[in-house]
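Next up: some structures, all given as structure tokens.
In the two complexes below, chain A is the common chain; its partner is chain B in one and chain C in the other.
Coming up: the complex of A and B.
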């Protein structure tokens, strides 16, 4: 049985896959998120990931951005909203953001997300 | 007041007794009865007004809050004649309603006095002020983040423009290097031609020497041929000298081409490095834009929370105002009840007095009223 029962997405230049991992699940972002309003795609998807993680009482959910070349400002808003949901969640899982240090925007922006819910989010290589 | 009342009634009774005991004085009896009736009427009217004044004035002047509620609102049913069941029932109902209303009013008054409506208002005003400050700060955060985001976007666009320029320069340099390499190749081809011409010249020189030897062997007949051979040797010599100069120039050109190519290559390497740096700068700026967007998202959520809190405070304020209105209404009802109770007591008192006064005149049982509502 899969850790999270969420359908993967493949649209335009982005593919988001959900895979099982030790003590939780990994959400892999591959490609570019540069569409005009990515919230239509990301918000329901990430809300589903969040609710499934709570329901299944997962310990860790990783978001792998190492293959995400570009993320626009509307896209990060959806990710920030996902992080902020953790502050009021009845079950608090750990959120790990995996990034590629050679992709400058990831190094600059992902760290900001750790301040939203202190202790709940980590940024790793 | 009661003493005066008894004096008046006493005087009237004495007069009646005197008149009845004096059968001879008919006229005097008529006058005396008239005086007694007038005195009775005046006493009743005067007493009634005084009683009403005594009852009503404290109710109007005193605040309902300071009077013990039970004392004001309780109608003494035991004092109502058992012959007036409707009146008793009405009084009981009034007592019930009044006590329920009083209870509510007291509870509200207690709540408001304990919490203090003014204190709650003050706290709400303080809350309003704090939320306004937070809201202002959120607005400032929005404006600052807008400004930052705009600056970062401009810088990002600028870095993209510079990156595009550097890419164009790199492309031109690549073309130049290719052209230089082609030029170098061409110069080497020229070098090969010059070398070939040098060989031809050398061979011509050898041939001219051989021709001179052959012409010397021929003697006088070969003299003219020797002149030609010498001229050819001179030409070969000139050619060799010119070819040597050309070779030197070609070597210089080749050296210059190599130098230009090396420089162009160095510039190309440098621009490639700068291009990579610019990509990093653009990425960092994009990251800054995203970070600002995160701040804006947080500010947006804060703004929404403030709006919800403000709406809740507004609703609380309205509820308190409604409570105050209800307390005012209850106070008014309590005042009215007190007035009714007092008036009822006065009426009861007057009724008892009247009954006592007119008992000797064989009045119908108390509690019965005529069509005008007055006691018979």
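Coming up: the complex of A and C.
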């Protein structure tokens, strides 16, 4: 049985794949998030990931950004919304951001998101 | 600061303010910066900033074109400047002035975090995070000029 019941999506130049992982799930972002309003796609999708992670009591959810070439500030807003949900979640799961050090914006932009809810999110290679 | 691999130069692009052209401009500018500045991290950071400025240049534009100029100086300590210019309505110009004022106040990281928290609860589809992101991630000197006929130029110098 799948860890979480969230279907992968593909729109414009972004594909987001959901896969099972040890003690949790992996959400892989592939392509570019540079639409005018990414929240229409990302907000309901990440809300579903979050609610499934809580319902299934997952230990960890990894957001794999290693294949994400670009993330605009509107996309950062949607990721921030997801991170902030962790502060009030009834089940606390670890959120890991996987990044590619050779993609320059990832180190700074993703690290900034971890400051929203200290201790809830890590950034790893 | 990075070193110049060639003599200083600039590119200037003008396009009809349509969202779909931003990615094309970003890719072009990434290539320009890659051959002009011998510092991959700096090139990518400035390309990100240019893309965010272009998004503003489209969002806050009237029907005229949006112009971006990226220049790299041929100095021992080379400077990169980015200017995005577009025509706007009086209301758009006023809105942008207020956003710019908020972004430029206080510590760059603290301001960015506070705007991020505010953006996360917005329901109007707007983020208003682009300028704060640029300020924090580039540590550039940023400026906004609005002419009497509401032509907006946002610039950054690194």
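Going forward, the second predicted complex is superposed on the first by the 125 of 125 C-alpha atoms of A that agree within 3 Å, B and C clash if a C-alpha of one lies under 4 Å from a C-alpha of the other, contacts with A are read in each partner's own complex, and residues count from 1 in each chain.
By definition in this document, a contact is a pair of C-beta atoms (placed from the backbone, for glycine too) under 8 Å apart; a residue touches a chain by one contact, two chains touch by 3 or more.
In this text the structure is predicted, and so the values were computed from the model without any measurement.
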{"item": "Overlay on chain A: chain C relative to chain B, clash or fit", "value": "clash"}
{"item": "Comparison of chain B and chain C by chain A residues contacted", "value": "C"}
{"item": "First, second, both or neither for A:105, with chain B first and chain C second", "value": "both"}
{"item": "Chain B versus chain C as contact partner of A:120, first or second or both or neither", "value": "neither"}
{"item": "Touching partner for A:76 - first (chain B), second (chain C), both, neither", "value": "both"}
{"item": "Which of chain B and chain C A:32 touches, first, second, both or neither", "value": "second"}
{"item": "Chain B versus chain C as contact partner of A:54, first or second or both or neither", "value": "neither"}
{"item": "Location of chain B clashes with chain C - one stretch out of 274-282, 310-318, 328-336 or 346-354", "value": "274-282"}
{"item": "Intersection of the chain A residues that touch chain B with those that touch chain C", "value": "70, 73-74, 76-77, 80-81, 84, 103-105, 108-109, 112-113, 116"}
{"item": "Residues of chain B touching chain A in the complex", "value": "149, 279-284, 286-291, 293-298, 301"}
{"item": "Chain C to chain A touching residues, read off their complex", "value": "19, 22-23, 26, 40-41, 44-45, 48, 51-52, 55, 59, 109, 112-113, 116-117, 119-122, 125-127, 129-130, 132-133, 136-137"}
{"item": "Touching residues (chain side chain A, partner chain C) in the complex", "value": "13, 32, 34-37, 39-40, 70, 72-74, 76-77, 80-81, 84, 103-105, 108-109, 112-113, 115-116"}
{"item": "Of chain A, residues touching chain B in the complex", "value": "70-71, 73-74, 76-77, 80-81, 84, 103-109, 112-113, 116"}
